[in-house]
Amino acid sequence: MDPVVLFFLLGLIARIAKSDLRLPESLYDALAIYLLLAIGLKGGVQLAQQPLATVLPQALAAIALGACIPLLAFPILRLKLARADAASIAAHYGSVSVVTFAVATSFLAAQSVATESYMPLIVALMEAPGIVVGIVLARTGSAQRIAWGALAHEVLFGKSVLLLLGGLAIGALIGPEGMEPIAPLFTDLFKGVLALFLLEMGLVAGGQIGDLKRAGPFLTAFGVGAPLAFGLLGALVGHLLGLSVGGAAVLAALAASASYIAAPTAMRIAVPEANPALSIGVALGVTFPFNLFVGIPVYLHYARWFGGS
Amino acid sequence: MDPVVLFFLLGLIARIAKSDLRLPESLYDALAIYLLLAIGLKGGVQLAQQPLATVLPQALAAIALGACIPLLAFPILRLKLARADAASIAAHYGSVSVVTFAVATSFLAAQSVATESYMPLIVALMEAPGIVVGIVLARTGSAQRIAWGALAHEVLFGKSVLLLLGGLAIGALIGPEGMEPIAPLFTDLFKGVLALFLLEMGLVAGGQIGDLKRAGPFLTAFGVGAPLAFGLLGALVGHLLGLSVGGAAVLAALAASASYIAAPTAMRIAVPEANPALSIGVALGVTFPFNLFVGIPVYLHYARWFGGS
Amino acid sequence: MDPVVLFFLLGLIARIAKSDLRLPESLYDALAIYLLLAIGLKGGVQLAQQPLATVLPQALAAIALGACIPLLAFPILRLKLARADAASIAAHYGSVSVVTFAVATSFLAAQSVATESYMPLIVALMEAPGIVVGIVLARTGSAQRIAWGALAHEVLFGKSVLLLLGGLAIGALIGPEGMEPIAPLFTDLFKGVLALFLLEMGLVAGGQIGDLKRAGPFLTAFGVGAPLAFGLLGALVGHLLGLSVGGAAVLAALAASASYIAAPTAMRIAVPEANPALSIGVALGVTFPFNLFVGIPVYLHYARWFGGS
Amino acid sequence: MQTHDRKMLVIIGEAALEKSLVRDARSFGAHGYTIADVRGGGERGDREARWEADRSIEMKMICDAAVAEKLAQHVLASYAPNYALTLFTADVGVFRPQKF
Amino acid sequence: MQTHDRKMLVIIGEAALEKSLVRDARSFGAHGYTIADVRGGGERGDREARWEADRSIEMKMICDAAVAEKLAQHVLASYAPNYALTLFTADVGVFRPQKF
Amino acid sequence: MQTHDRKMLVIIGEAALEKSLVRDARSFGAHGYTIADVRGGGERGDREARWEADRSIEMKMICDAAVAEKLAQHVLASYAPNYALTLFTADVGVFRPQKF
């Protein structure tokens, strides 16, 4: 477990104890923008040193993985939930959590497990496909049409994809020397900012507990079972793609994670009849902390297991 | 005098000159959260290397000191002020100013005067007792009852105590190695952020001058005399506890300082009939700058004097 | 071209593509405050090591240059624009863009071209004269009187002048050793923060495109021609003052730049009948990006040309 | 100085609706709108504005009674079933009748 | 579409009151509330929202006249003597009468 | 509890006007004012509050009808020709008539 995870715990305790601690809204936004940009930049600098074509198979596989996960999640969720809710939750799990990615990467670094340099690109690519599939699932067999144009725009120019891809492009263009003068902000501070953001995530997650109780045990169980299952799938795909043990573990963590930046915004507009308290409650109230405290080490086990080491 | 104090002066000048310089509200909040957390973390890392039980006597003495100060201040303030106002001001002086602590610590470091590693714990412990005593003083002999439950909650889970104690706990758990990756944010930037926060404090303090004029010479004199007297008491207590010269100087500065984060919030709710312009005016408009510019070096003299060096 | 300029491009693309990326208002304010203060501090530390009197001729010349530029710009702008609009735009070009200064400085540093240490003082001095002249131009031959008192206050205690001069003064007082503990914030992070601010400037500039289209080709041409011409003048003045090639290039960039912090605020109050969409559109939508991408290297050429190297 | 009667339609709801509401306001003929960031609570629970999904806005439009009525009807039909939303109208007086 | 008459009670006051006012609103039967951060000035001087002690909020509740009246009375009695506070009511029209 | 009729004058406009509007409100006899940061759009285009020049405020004053009228007249004459600006009045009821 990474030390930064303790900040999440502090936030969670503060919220549950009804402390008056509250991070300013604009700080939340600023930290999120920083993290997305910094992850992109770091990945871009590394991508610059590598022919892009070699990454193509992994890129396509990641997109396919993100698109498949909702298809797997949906029928299970339909056992208990309305179509819109099942589709919306499935979309959250198809997309990825950038903070989970950051914590996983830093956990692996602390364990001296190397990962492929292009993983931030994979994050950017896995943001959207799950969301698109989730929306299609919600609308299948319904009279409502999908606004494909608006959806494509949202997917390509939504804040998180834009910052990740923008950071990647800038990082690739400026390379390691260009990165140097901005590294004190975007590299050295990264871990500390991640800690602060996890404090805020704890405060937010603590507010989901009530919704979660109303949602009942089925959804809570899903919030634990889904990451374990999708993490296994992610590790397997990573192994089949020939990723290193570290890379497979990261892909597992991505598959196991549920989005709470891009997906909630997109689903609220595209599938308004889905109850956001359910999807956000399980993604942020169960799966996110589960991944932080339990999941990430498990995914490394998965990867080692497939990797035969 | 520490260079960062010049930032306070700049803010003060800007406000008095009616400049349009204004730091965003959320920046004020963000900087305050950062400072509290960073102070806690630093203290926690150092605490980790020391058996907690050895600190117990100092901890209890600090709590007692914080509780005594309002009892000393109250009768003097009563000479001219209504009960509620006297009690509220007494509470502000019983509690502590975290920024005064930070400036004192950095002043001592610049003078190469060592201080005990557990002083941040002392800060956290001294936040609340003075406030509780102040509220009791306000309500003694009055029909209004004290909401002890709400008060206890406020004291334990108020923003500043929570962040200080939370930081301490995290620091103690992660230790020096765990601190390393987040040190660029929480250690290296500390002094610069303190400078920015002092700029903001100058802007705020400059706005208190009008209130202060209305409050008259008695309160202004109190704002200078109280820190000198309580600082002496703090240095004496520190000496009797066997603290180093640096530690006694810090305890003196804490005793001499008046709270403007925790106390104003708490008193506004618990003793609403007290006029906040009086307590904030004297704490922020007189005692805070007095400590920055004059008091802190004096408290080091006190400590040296008792320490016999 | 400096790598940080790519962040401007990213912001511009995001805005033009109608991305939902939006930096919080208070982040914009915080970054601007930081940049002004950091530039002032850096300059002040360097000024401390140099007798102030030796800078006097350059200081006076910079003030004169700032005051002359609107007089040159005004008759050209009057060809097509109303008096108030022409005067307001002239004022923007008479004043300076602090971010253009920062990018120019960092470009020169990357090219290993040395600049005079007192250039930040020149920036502070060149903020206001052009604005004052612009206001006088707007009011000449009009019944409306100029509120000289309010104007002087605005000029001396306006946010940007106050932070630049305040930073300079603090930097000069604390010197290199005093700067050391706050350098991780104010020096090391500078380039990264500049990159973030450029991202925000790109988002803002992208919003000016519509206004610009309405303004027509005359103003767009002015936005390119003016910096080229005033940059030449600046380089010449720098050469005549005996500045180094780097110093002359910076003075050229300052002359060529148009203010978008101090000037818009001042003109909105002092010359309300001027349409801010025109002045901000051309300053931020044309000249600012032109300087970033094309102008700054050109001004170095100018300076080299005059310098005979 | 005489004032002219107009309606002010106020919509309080999830921040996610901002873009759509502005589009609707324009297409139904409102000449302008003003938006503030707010927090609050109602039937659908508390919205404390701590993060994106939790933010609310208050939008007000001054317009003639017919526009207010049609816009309100559209908003009620389109968004009220699925979004946290409050709508009300008030009578206001304006000084420049052609502007609203 | 018909609107139904309700009262809007607006309370402008120190941010320190937020928790108490929300609690009071609920206990007096308001079905919801909306809060915005504001700054201002009045009898008790200027409140510029520069830092914690200096912040103000504006809270509005739409409710029936009886609830508004009782809540206003309580707020006036409990807080007006000691806090910077402004209270007023306005007539508003709502579309879903059961909601307020 | 009885309420007393007053006027609320609301001014929505460019943030650059804040200082002047506060000064005017005082000199025309308003006993107080409240300001919120807003964004919006109207005749003079959209004002999205992304940076300084793009910010708007909403200022409200509760006062008697005569003060509201004179203040409105002054604001319309002084600022409306050159600034993005919206003005309106509404009837409100206050509980402490001497305060407004």
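As written, the chain order gives the labels A, B, C, D, E and F, with residue 1 at the start of each chain.
In this text, contacts are C-beta pairs under 8 Å (C-beta built on N, C-alpha and C of every residue); 3 or more make two chains touch, one makes a residue touch a chain.
Computed from a predicted model, the values in this text were never measured in an experiment.
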Provide the labels of all chains in contact with chain B and in contact with chain C.
A
Centre to centre, using CA atoms, which chain is the farthest one from chain F?
A
Computing the C-alpha centre of each chain, which chain sits at the greatest distance from chain E?
C
By C-beta contact count, D-F versus B-E, the higher one is D-F
Euclidean distance of C-alpha centroids - chain C vs chain F, Å
34
What is the distance, in whole Å, between the centres of chain C and chain D, each centre taken as the mean of its C-alpha atoms?
40
Averaging C-alpha coordinates per chain, one finds the centres of chain D and chain E separated by a number of Å equal to 19
What parts of chain B, by residue number, touch at least two of the other chains?
22-26, 184, 189, 265
Where does chain F touch two or more other chains at once, residue-wise?
36-37, 90-91
Each pair of chains that touches, named by its two labels:
A-B, A-C, A-D, B-C, B-E, C-F, D-E, D-F, E-F
Parts of chain D lying in touch with chain A, wherever the complex brings them together:
14, 16, 20, 45, 48-55, 79, 81-83
Sites on chain E touched by chain D in the complex
1, 3, 6, 8, 22, 31-36, 62, 90-96, 99
Which bits of chain F are touching chain D when the two form their complex?
10, 12, 36-43, 56, 58, 69, 72-73, 76, 80, 86-91
Seen from chain C, its contact residues with chain B in the complex are 24-26, 29-30, 33-34, 37, 153, 156-159, 162-163, 166, 169-170, 173-174, 178-179, 181-186, 189, 265
What residues on chain C touch chain F, complex-wise?
22-23, 25, 28, 200, 203-204, 207, 260-261, 264-265, 268-269, 272-273, 276-277, 280
